[in-house]
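In C-alpha cells below, several structures.
Both complexes below contain subunit A, partnered by subunit B and then by subunit C.
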Partner chain A sequence: MRIGIPKLDELLGEIELGSTVLIETIGEIGIEIAIEALKRNKEKSAVFLTPRLKKRLEHIFELGEVVYLTLGEDFAPQELFKVTHALRELPEDRFIAVFLIQPLLIFHPSQRVYRFFAELSDIANARGIILMTMIDKRLVDERTLATFEESATHVIDIVEVIQGFKIIRGLRIKKSPKKISGFYKLKIKDGNVEVGELLG
Partner chain B sequence: MLRSVSSLDEIALLNIFLGIMASIGLAYIMFLLLNVFPYFKKSRTLMLIQVIGGLSVLLGIWALRIVNYTKESLNSVYPLLVLAGMSMIILPLVKLRLFKFDRSLILQALLILLSLFPYTVVHVPWNFVPGTFVLAAVLFLIRFPLFLTCLSPLGMVLVNIASWLWVIFAWLRYYLIQTPPTCMSYALLLIPVTSLLLWDFSVIISYENTRRWL
Partner chain C sequence: MRISTGVEELDKMLHGGLIPGRAYLVKGGPGSGKTTLTIHFLIEGAKKGEKVLYVSLEEPVDILKEDMKKLGFNIDVPNFVAIDATPVKQKRSIFEAEHFEEFAKDFKRLVDAIVNRLKGEKYTRIVIDPITMLRLTIRDELEYRRMFIGFLKEVARYDATLVLTSEFYNTDIEDYLVSGVIELREVEEGGKTLRGIKIVKFRGSAFDESLRPYKITDEGIKVYHKESIFRGSDE
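Moving on to the complex of A and B:
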C-alpha cells in the first residue's frame, strides 16, 4: 500500500500487508497523512475514532465510502474487546486508521493501552491488515513511547521547531523495515501535506 | 462584625485572588469532565451530580473566603458545602475508575490532616478544624489531572509541586492568624497563590488536551 504523498511514499517504500504505522506527533499535526491514506484506499478502509473527529471526516467528500466505528457510540472506553473483535471481523486486505490511542490514554493506564495496541498490531499482522495510528508524544514519557514503537513496524516522527518568528515542521522515518531517514520539511496547507527538502 | 475596609487592603485582594484562582481551576475541572463523561454509558445522572457538586464547592469556597476576610463567626454549613460538593465530584470518578487513591495522594492528605496537631497545643480559632478538611478536599482536585494522561511530563511535575505547596501551606497557615497582618502573613499567602496558579495552568492545559483528543 502507498499513502499517496509522493515524497513520503518514496521514504517509506511499499507498506506490506500486516504492517502497523505509528505517527508520533505533537497535538494533531500530521493527521492529514492518515486522511490522505484513507482517501487513497477509501474502498477498503475503516476508521476507529472519536465523535468529534467523525464530524470532521464526514465533511470530506472523498471519504464517503469509509466505515466508521466510533468511541462512545459503538463502544465505550471500557469495551476495548469490541474494537479487537471488530478488527477480527473486518475482511482481510484492509487499511484501518485507529485514532483511539491518545483518547484511550485519558481513560486507561498507559500499560493497558499499550497491551491493547500490541494486540491490534498482532491482529493486523495475522490478518494482513495495514494499521495506522497516532500518538501525541508530548503527553507520554519516553519509555511509554518506546514500548509503542516496539509494536509498530513503521514509525513516522513529526517535530516542530521555532526559529525566530517561524515555525518549522519536520518529518522523519524513525523505524521502517526498509530504512530510516533524516528530517524532511513538512508543509501542511488546507489539508494538503507536502514533504519537502531535507533539513540540515 | 465586618472589618473596616481600607483603601488598599492586600489581605482582601489576596483573598479575592485566591477565590478567583480556585474558581477558575474548579470551572476547568468541570469543563474537562464534561468532555470525558459523554463517553460512558448512563453517565447523565453522574454528570448532574458532579455539576451540583461543583456549584456547591464554588459556593462554599467563596463563602469561606468572605468569612476568612470579615472574621465573622464561621457557619459550619460552608465547609460542609465544600466537603459535600467535593464528594459529589469525586465519587462518580471513583465509580468510573477515573480517580485513583495513589500513595502520594494518601500521604499528602494525611500530612494535611496531621497539620491539625499544632491546633491541640496552640490556641487558634476553631474554624481551623473544618478548614483542614477543606484543604484536604481541595488537594484531591489539585491532583486530579495526574489521573488522566492529558498532561506532559512537565505538567505532571507542576501538579506535584502545586500539591506539595498546598501541604506546606496547611502546616504554616497558623502564622496567618497574627493581627495586624505581618510581612510573614503576606509571604505565606503567596504559597497557596503559587500552588493555585500552577494548578490552574495544569488544568487548563489538561482541558485543552482532552478537548483536542476527545
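Moving on to the complex of A and C:
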C-alpha cells in the first residue's frame, strides 16, 4: 500500500500487508495522512473512529466507500473485545484498517491499551491487514509509547516546535523495515499534506 | 465423541464440546445467562431428535417458555420435557405420583423421580436449574455429598449428560464431584457490565483456560471465543 503523499511514500516504501503503521503526534496533527491513505484506498478500508470524526469523514467519502465502525454506536468504550472481533471479522476485501479512537487512551489504563494495541497488531499481521493508527504522545508516558512502537512495523513521528509565534512542524520515519530518516518539514494546508525539505 | 453445548464458540473453547454421559456445573450470578446457556444445550439435543429433560427449581416454566420464545427458542416441542418444580407453584402437576413442587424441598424425591423417568424413557440431556435450592434441603454436608454422588452415579448409568446450574457461593462439593465447571462472570467497567465465560474444570480434555467475553443477545448467548475481555483478573 502507498499512502498517496509522494515524499512520505518515498521514505516509507511500499507498506506490506500485515504491517502496523503508528503515527505518533500531538492532538490530531497529521490526521490528514490517515485521511489521504483512506482516500487512495477507500474501497479497501475500514475505519474505527469517534462519532465526531465520522461526521467529518462523511463529508469526504460517499456512504459505503469506507466501512465505519463507530465508538458508542458499534461498540462501547468498555468493549474492546468487540473491536478486536470486528478487525478479525473484517470482510476479505477490506484489508486496510485505520484506527482513530484516541478517547480509548483516556478511558483505559495504559497497560490495557497497550495489550489491546498489541492484540490488534497481531490480528492485522495474521490476517494480512494493514493497520494504521494514531496516538497522541501527550496521553501516554515514554514507556507506554516504547511498547506501542515495539508492536508497530512502521512509526511516523510528528513534532511541533513553537518559536515565538512561529510554528514549525516536522515528520520523521522513526521505525521502518526500509530505513529511518531525519526530520522533514510537514506542511498542512486546506486538508492537504506535503512533506518538504529536510530540517536541521 | 463430544456433544455440542448449543453455543458453537463455547464448543470451540471445550475443544469440541462436552464429553457425553457426564455431569457439569454452570455457575453464575443472577441474570448471567445460566438458564439461557442450559436451554441452548437442551435445544441442540432436541433439534437432533433427542429427548431432553429440564427441571426448573426456581423459575416457573410458563415464564421460561415466554422468555425463551423471545430468544427464538421453542421449548414447546414433544421431545423437550420441562418440569416445573418451583416451590411456590400451586399443587397441580403430577409427575410419577409426586407433586413437582415438593422436589425443591427434598433432594431424594427429586433423584428418585428423575431416575424413574430415565428408567422409562431414554433422555440424553438433563438440566437441573438451579441446584442451589437442593443444597439447602440437606443440612448435613456428608449426607448431601453422599446424596449428590449417588445421584451422579445413577444418571451416569443411563448415559445422560447432566448440566446443573448454581449461584457462585458455596459450591465446593459440586465443583469437586462434577466433570466440568463453567463460570459466567460479570465485571463492572465504567458503568457497564462486561460478561466473561471461563471453563475452570473439564476432566478428560484440554480446554481454553482464558476468560472470554460473551453477550446475551436477542438470539441467546454469543461467545467471543478468540477475544480477551481486557479487564480485571484477565490483566
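One rule holds in what follows: the second predicted complex is superposed on the first by the 185 of 200 C-alpha atoms of A that agree within 3 Å, B and C clash if a C-alpha of one lies under 4 Å from a C-alpha of the other, contacts with A are read in each partner's own complex, and residues count from 1 in each chain.
One rule holds in what follows: contacts are C-beta pairs under 8 Å (C-beta built on N, C-alpha and C of every residue); 3 or more make two chains touch, one makes a residue touch a chain.
Small disclaimer: the values here were computed from a predicted structure and weren't measured.
Contact with neither subunit B nor subunit C is seen for A:180 once the two complexes are overlaid on the shared chain.
Residue contacts after overlaying the shared chain place A:27 against subunit B, while subunit C stays out of touching range.
In the superposition on chain A, contact is made by A:111 with subunit C only, not with subunit B.
Of the two partner chains placed around the shared chain by superposition, subunit B is the only one that A:72 touches, whereas subunit C remains out of contact. In the overlay built on the shared chain, the residue A:126 is in contact with neither subunit B nor subunit C.
By the document's definition of touching, of the two partners only subunit B reaches A:138; subunit C does not. Using the contact criterion defined above for the overlaid structures, shared-chain residue A:84 touches subunit C, although it does not reach subunit B. Subunit A uses residues 76-78, 107 to touch subunit B in one structure and subunit C in the other.
Contact residues on subunit A toward subunit C in their complex (touch as defined above): 76-82, 84-85, 88, 107-108, 111-112, 115-116, 119.
By the touch criterion stated above, subunit A contacts subunit B in their complex at residues 27-28, 50, 52, 71-72, 76-78, 102-103, 105-107, 110, 136, 138-141.
Listed in rising order, the residues of subunit C touching subunit A in the complex are 189-190, 192, 194, 213, 224, 226-231, 235.
Those residues of subunit B that touch subunit A in the complex are listed here as 36, 38-41, 98, 148-153, 209-210, 212-214.
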